[in-house]
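What follows is a group of structures, each given as structure tokens.
Both complexes shown next keep chain A, but they swap its partner, so chain B is in the first and chain C is in the second.
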Partner chain A sequence: MTGLFHFANLVRAGIRDNQLLWMLVAGFALFPLFTHFADLPFWNDVAMRIMLLGVAAMGLNLVLGYGGMVSFGHAAFIGIGAYCVGISQFFGLSNGLFHILLSIGVCGALGLVIGYLALRTTGIYFIMITLAFAQMLFFLFVSLEQFGGDDGMSIDRADFLIIDLYEPLRLYFLIWVALALVALLLMFIVRSRFGVTLRAIKSNESRIEAMGLVPLHFKITSYVISAMICGLAGTLFASWQEYVSPDIMHWTRSGELMIIIILGGIGTLAGPLLGAIVFLLLEEFLPVALGAVAPAYAENWMILFGPLLIMVVLFGRGGLVGLLDKAIFSRIFRRRMAVK
Partner chain B sequence: MMANPVLDLRDLNKSFGALTATNNLSLTVMPGEIHALIGPNGAGKTTLIQQIYGALKPDSGQIFLNGRDLTGLSVPERIRAGIGRSFQISNVLMDFTVLENGIIAEQARLGQSFRFLRPAFSDANLIEGASAILDRVGLLDRAHLPVGGLAHGDRRMLELALALAASPSLLLLDEPMAGAGPDEGQRMTEIIEALRGTVAILLIEHDMDAVFRLADRLTVLVEGSVIAAGTVAEISQNKVVKSAYLGDED
Partner chain C sequence: MTLTLILEQIFNGLQAGVTLFLVAAGLTLILGIMDFVFLAHGAQVMIGAYAAAAITQATGNFFVGLGLAIPVTFASGYLLELLIIRHLYQRDHMEQVLATFGLILFFNEAIRIGFGPAALYSDLPESISGFVEILPETPYPAYRLGVIAIGLICALAIHLFVSKTRIGAMVRAGANNPEMTAALGINIKILFRLIFATGACLAGVAGMMLGPLTSVQPGMGEPLLILSLVVIIIGGIGSVRGAFIAAIIVGLVDTLGRVFLPSILRLFFEQATADGAGPALASMLVYILMAVVLIFRPTGLFPAKG
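Entry: the complex of A and B
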């Protein structure tokens, strides 16, 4: 009860971005308890998917939200991360730690190359070049017949020495640890000297140049970090899905990541995770709700999602995190408190 | 014996198609002096500043700063070599507070911008350095205001503070009084006056009262060429300059 009261107080004061982030991360740690007692094990699976997309969106948000670089090709890094597992297993390498290191390394190197080439441009050209690279990689994997081509390849859950991922909840907590580490990493980065310089570059690149710094170095570094985070998400995604196909890096997933970020709050720590929660819950429930009203349209839940997204963008300046922030919530709560 | 110049421009040329923006231009700025560059609109003043700053490449000629050839260097390299600049249109970090602007400049000065761990905006050392940067232009009492809410004149002050942050040996001021009200212009003049002797300044300014008060030497530019150079007294008596620029009425 006191906890609830404390929470209400926090909300009343306006939840700060990083507090919200850690509340959500803590919530995911406790969630299996809920599913256990409520006997809803299926929801663990949904939570894992949310965490995986959340991690990827957090990675993208570093360049999109903090650096102002609209990369439309980050699904490629998720895909590369996932294929690192598939291809490793194809060659008999089943150690999960190796998969993770490999995908972080490969995505970092690829991010460096793509970033180096794409970051010479800005605006619409940057969007198109990142999309073009992602499409190149997509079709590369479509054409790689030995790795399943279009049909993809099935994957065994990776081997983490003593941790057997086929045990219930082991994979869940592996993903949770990744989420917590990425959250911690990003919290440090965005407040650090590097992070504030990156945000300053988004605000005014020429002033940063006039301070004797080379904006490109900061942009490329952030691009590489975000590629590595998406690679990590992809690696775990492969173990979760036990299957990988080029579909995982389809360009619509890059769009999905952007929608998640915009929905949750661009350039905020909690936004991508909150966005992932809301997006995937809507994906789960909107078809059901729509099916109840108009069964023929159940599949087209995006009809409802679109207007919702527009509303959040229009009224929640700064996405859902913005909505939770001071202005709106404290007004509502202050009124209630006053009535009491 | 003459001291060595801080800035030494040798035979700079720059054309945009048929338009000659800089025509065989040579100019020196001596240590600690305020050197004003005046001339009618389109005389090539900002184009010249851009070439010194490194945003434009001269077609031919050389640029020396403290005896070092800057001609092939990029903007950030020139900044690190000792150039500071304020722009014609205020160029500050609008999404941050005044203090945060100072902190970002301070960490750039210290070469610490590539660190990932400790938070920057709560770092005591950076705050101290940033405060010193802001104090120089009298903005310390407004340190916690967002720059977006700052008066125009204060933004210009902040920009000057950022340009001075790294203790440059040459300061390029492109119309620091532009758009300022009379009081703001007066305040800016006083602050620039106080800088005399501490840093060499190349100043572009249309406010002739400020120019005559501040400048140790003047160079008059018309259509990319130097038509006169000298002290304030010499230039104000110069017939060619009078007819070309200052006007004949007095």
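Entry: the complex of A and C
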């Protein structure tokens, strides 16, 4: 009985989740119009950052939310993607499409190696071994003096085939296209046989094994895909920031991605993007709000942000998607349940 | 590279190792035995260091600072469990990560507001700032030697407490099967609260002892948190013995790597490259060690269960 109920829930959640995702993606497409007429060009920059972190979080969510593999090292792939741009430019290769293909290829290969080694462990050991690989790469780039070491290297917004990315709005829509493509890809993956198997492995691995499938293959494949998505986000991140340093792959960024996913709603399509929006808007607005009440403490906004995260855990189960769910949809669905 | 230098660095490594063990022991109790992902454990180190530094400054006596900071960290751990942590035991690991990450942000910012963003430095009193000759003509700072001694005593005490005492047996039983232990008439809630406070207190002791050796500043606990997570993973989650051995190994590898790797690299590269890359590669060593251990022994060196 409960199983059926859960299944029905899942189907409904899937549909709503999907709609929410596309509403958000469409919102980002229209956002520059708003900033143009309201004359707030700064907010385009914020929106780009939200989309970049959103893409990375969506990539991580494939393994974390759908596959149940808590990777604490995905910032490494963002960093590798960003360094693919920096190092290519160092050697005079400035084609943006080449950067994207290179970083997807490198991150895929690296994801395959790290995934293969890390997936020998489970649970907390998996969390820590992914962190270990990320830290190794972090310190590797700190030690590479040739590429700036600790100080990092600056990046030229490349000529992306025929488009010149110095015009910020072009970069905005390049990032938007990446967001939309990743959203589309994830929607297909989650609904495909592969995605269903991945979720089944998350809930009971030995049953899937008993069915004659090899769970490891599915896990590694999803790990590689998510590494590639994070690599793509990193490549665009480097162009956006016009700068790359090992800081981009610091372990706190892996933590940040996890926070964004949990905040938004783990294992949902819209969750990571919603989490990124809320996370970065809080980062923008909390200092302002705190500054209005106690001007001397405006820069200490984390004193509010920390307890806010705790409140989300204590009172809002299932992240923001879950909360929205309760607030908006519960009445409608109670009626539907009654009809059934 | 004389024998004196090597010996001195081995002692420094031991000192780093036992300090790391105190942090990791608390985390072993909380993460290994109570199965709670507590990322704010590093903040407890910071609270201990600040409590000791602040009380030392107020009273002018280093030992009073150390002595009073112990009950302060115990109380902070106890209150934290009472107010927030106990509501989170039943949640899944990801939610625990989110909530305790929030705690880190809160504590770091609260300390920044209370004490300012700059680092505090506390000087050692004259009575313990001298040197001891560990071998003829090999002086070593007495304070660091004291830290090693206190760390070893704490390690022995924790080991005896967990494996030999009645309360230790209750702790192990509670970790194994909380419902059954509660059914035997043991108040598991109070037990867990006391374990939690003890773990926080151990981290605080590590922070206090580190105070005069490093800079006391907001966010000082996070690097230690990551390293002590590495330690309990290498040692095997939930094993106090494993945590001890792994802490010593990690302390030695980290310290010796930092000192000797640049000179080893100098044999192969030019000096500038070697000096630049050495420290960063030394930091990699610990993680390479952990990855290798996990690849060959996926549950650590001394797994506690199974």
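Keep this in mind: the second predicted complex is superposed on the first by the 306 of 340 C-alpha atoms of A that agree within 3 Å, B and C clash if a C-alpha of one lies under 4 Å from a C-alpha of the other, contacts with A are read in each partner's own complex, and residues count from 1 in each chain.
Please note the rule applied: a residue touches a chain if its C-beta (ideal position, glycine included) is under 8 Å from a C-beta of that chain, and two chains touch if they have at least 3 such contacts.
Given the structure is predicted, the values throughout are model-derived calculations rather than measurements.
Visitor: Record, for the superposition on chain A, whether partners chain B and chain C clash or fit.
Guide: fit
Visitor: Contact-wise, after the overlay, does A:Glu145 reach chain B, chain C, both or neither (first, second, both, neither)?
Guide: second
Visitor: If we overlay the two complexes on their shared chain A, which of chain B and chain C does A:Gly306 touch? Say first, second, both or neither.
Guide: Only chain C; A:Gly306 stays clear of chain B.
Visitor: After superposition on the shared chain, which partner residues are touched by A:Ile189: those of chain B (first), chain C (second), both, or neither?
Guide: After superposition on chain A, A:Ile189 lies in contact with chain B alone.
Visitor: Between chain B and chain C, whom does A:Arg199 touch in the aligned arrangement: first, second, both, or neither?
Guide: First partner only, chain B.
Visitor: For A:Leu93, select first, second, both or neither according to whether it touches chain B, chain C, the two together, or no partner.
Guide: Neither partner.
Visitor: Considering the aligned complexes, could you tell me the closest Cα pair distance between chain B and chain C in angstrom?
Guide: 13
Visitor: Chain A residues touched by both chain B and chain C?
Guide: none
Visitor: Residue numbers of chain A touching chain B in their complex, please.
Guide: For chain A paired with chain B, touching residues are 188-189, 191-197, 199-200, 202-204, 206-214, 217-218, 221.
Visitor: Inside the complex, what are the residues of chain A that reach chain C?
Guide: Within the complex, chain A touches chain C at residues 64, 70, 117, 120-122, 124-125, 128-129, 131-133, 135-136, 139-140, 142-145, 149, 251-252, 255, 258-259, 262-263, 266, 297, 300, 302-303, 305-310, 312-314.
Visitor: For the complex, which residues does chain C have touching chain A?
Guide: 31, 37, 84, 87-88, 91, 93-99, 101-110, 112-113, 222, 226, 229-230, 233, 237, 272-273, 276-281, 283-284, 287-288, 290-291, 294-295, 298-300
Visitor: Could you list, by residue number, the parts of chain B that touch chain A in their complex?
Guide: Interface residues on chain B, with respect to chain A: 74-76, 79-80, 84-85, 87, 91-96, 100, 103-105, 107-109, 112-121, 162-163, 165-166.
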